[in-house]
């Protein structure tokens, strides 16, 4: 991915975090992490970022369970999840393609998804690769379901799906994605051709808003410096940061 | 049980017996690669390993060396270096009995052992195929709810051995873990804790109240062995960073069985040098 | 909820509203006597208080001043100074609804809220009159046992406010608690935590990794007020010991209602002086 | 109580702790605390003492719950409990005399007794006052029962009852106390006259063993110094320690 596309995604995700009080970011997530730190910078510090792998933006002191416990306490407003497969009901698969136990392709595993997806109000699904291989009609394994029946305790769930081609919003009532905006270079048709699941689409398809100059300035300056603590190579190559 | 002992690395590793349920921390939390090397050299078989809650190069080496019969983990990955190759190969070969879980379920099951209760309830999970595949978890009803309120009960997990690496230990078996409190949960839950340490100091780590909060008391520690740079090629807290070049060499080499064996020979060869 | 705020002591205490379920620590753990004074001055009524898991002079003052409608505690005592006189008088007068509990049940019920689960199972308790008197606890069967195995389920307790005193806070709301981790459990479980501190520092308490393990993060802290010697006449960690003479004067004075009132006037009078 | 009687009790309790690996002592317990520290000194450090209120002999770092959790883990071999009332079935009452909610006399409360009595294998009941007022046929309130039906998980329970007059051992099968030894100055009859519950008594009644000179030396020297950290007044007045 090039720098312009990276910046577009970061700024778009940061918009999705507006109004949040506390955003948590899992391991190996440079783009969501950058977006969270940008949203924080825009909020003038009112938004708190808890970023695994960071020292400066990791206030946890109760061990590995604290992210999960604090989410259950309702203290985490937004989190990011990915998926080896994501389907049209927002089910995600982080375990494997094919059938257990041998699988055709085995992924690392579900991490905390089977929990945080239920408890964090605004879960943003993020996967750069937008192909029918990833966005499938039905996942082979449900690491975590996108929705639950009403009797299941579930304050949290999917808010949006951000890919390298577009942004989908998710309607919990209808249990379907809806095309929210497409990135530069895509058309409604090109997105549909690369998407393995069915989704709603309005009469007019919006373009993903280009990064505002002020946001770009923040991102390339202060945010890039903050990102570099956890993701130095990413900050240098994709945010154009010069080492201090 | 006798009082805390200070052992050699090989003697400590020998306390991990075949068939043990072994708990290990994630790559960023204090992995005893020194004891991992000793376990491989000894060839301890049929280990059942619980990753608390994930693992990377440590579990990949244990699997590649043929030490692991069963594995429970929320994820196995080399992070930015990609999939864990020996884990992936073992899954494809069908030589590893894998139980998928999710991070908070591992923490909760250890907390159940920590509290001496048979299970803990946990939210989430319902509707996932993880739950569908776990015959040992129970989908139950919240006994305090007036309306329908399903919730999952997770049975306690009590590891036979918790094995990890720390910066410092003292002669009472107190060990410094800092903010890495999952190591405390592991040790509280486990029957026995075996710990390697960068150094063993002659004063009590509990003497200074400003740092005592980061200490796991010797009450939980069966034995300690000194192992300088014992997390290498992983990093250890603020003491030293991960050796990214060596980890990249591992990720590349371990893509084949032969490459893994060659890397492992080199790793085992560092034993006397270390 | 807005970001962490630094408030005056009176403004902080005003956030404890009538009818609140208020959690307070034991006498040795970081009691905010400064906020206790402000609560009494304000005359907040109908408090429901949870002692985590016991209390002494703090709860005796709150009861004597008529602020407490309901109390849950594993014990109320002035320790070597004997029974807590205003507590004892209120029990005899029938003016206090008392729920007896046992220390680990308080910890477990808070841990249930910390984990966001409706209850926690706990061993012990069966056959005690504590259990017999607790209509909110359930005697159940271990769902994982093959034979008969009764066990008690304790419903989660979520305090409205956790109120305590620490040595240091920073401007992000991080507060130093050291080994007094029951304060962390209280804060994790409570909806809001209000904290008084000996001093508010201008650097982050999380900057130094050797002491970060003893910090409760600002994520859990709604507001902080500076209150030098804010635990007096109780002690605070290594900073200052309890004022044994003053506590003895309290124990003697509070044996009568009039004596208590006279002592309280003096205590309230220190407000501006402090 | 005088110094000789205090020393007799401490040495007698220390004997009851032989073979223990870890002994915990609650708050405000100078005599059990002294006994635990004496047993530790005799063990040459093999016995670990966890004493609430002590800094030097308190290794806990997980907050107030750790004593209880570690007991549930089976790591605590012995603990001490008292009682406003203790009955012949070893039920203890730390809550009140009379009837709730107003009580005729209200005590502080049960502390952790309703838990530790179940989980610590060797619980030693200690109460200096040995009168029919304290040692009753049946307690008014069961803070914790002395025994449980077989299906209740109970690895722990009462081992002995030590008073100012004698030592009783407890037989879990028969659910009864048995007079083990009487302290100097008492007779089998004087003990029975002051005991409100029935108990077993052998044909010959043993005297509580006088403190061995070696134990007394340890107690008055090293142990008194250690006790002084937590109980300075007790160490000075009843162990005869001279301030350093």
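As written, the chains take the letters A, B, C and D, and residue 1 is the first residue of each chain.
Methods note: contacts are C-beta pairs under 8 Å (C-beta built on N, C-alpha and C of every residue); 3 or more make two chains touch, one makes a residue touch a chain.
Not measured: the values here are computed from a predicted model.
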By label order, what chains touch chain A and chain B together?
-> C
If you tally C-beta contacts across A-C and across C-D, the winner is C-D
Approximate Å spacing (C-alpha centroids) for the pair chain A, chain D = 59
Computed distance of Cα centres, chain C from chain B, in Å = 36
Cα centre of chain A to Cα centre of chain C, whole Å, reads 40
If you average the CA atoms of chain C and of chain D, how far apart do the two points sit, in angstrom?
-> 29
Can you list the residues of chain D that touch 2 or more other chains?
-> 60-62, 69, 72, 119
Among the residues of chain C, which are close enough to touch at least two other chains?
-> 108, 111, 115-117, 122-123, 149, 151, 179, 181, 184, 209, 212-214
What topology does the chain touch graph have (line, ring, star, complete, other)?
-> other
What is the complete set of touching chain pairs?
-> A-B, A-C, B-C, B-D, C-D
Flag every residue of chain B that touches chain D in the complex, lowest number first.
-> 1-3, 113-117, 172, 174, 184, 188-189, 206, 209, 212-220
As the complex stands, chain B meets chain A at residues 26, 28-29, 52-54, 73-77, 79-80, 83-84, 87-88, 91-92, 94, 97-98, 100-105, 107-108, 111, 122-133, 147-151, 179-185
The answer for chain B against chain C in the complex is residues 108, 111, 115-123, 138, 140, 142-145, 149, 151, 153, 155, 177-179, 181, 209-214, 237-238
Can you list the residues on chain D that touch chain B in the complex?
-> 21-22, 45-46, 48, 50, 55, 59-62, 69-75, 119
Would you tell me which residues of chain A are touching chain B in their complex?
-> 27-28, 53, 60-65, 68-69, 72, 94-95, 100-103, 106-119, 141-145, 148-149, 151-153
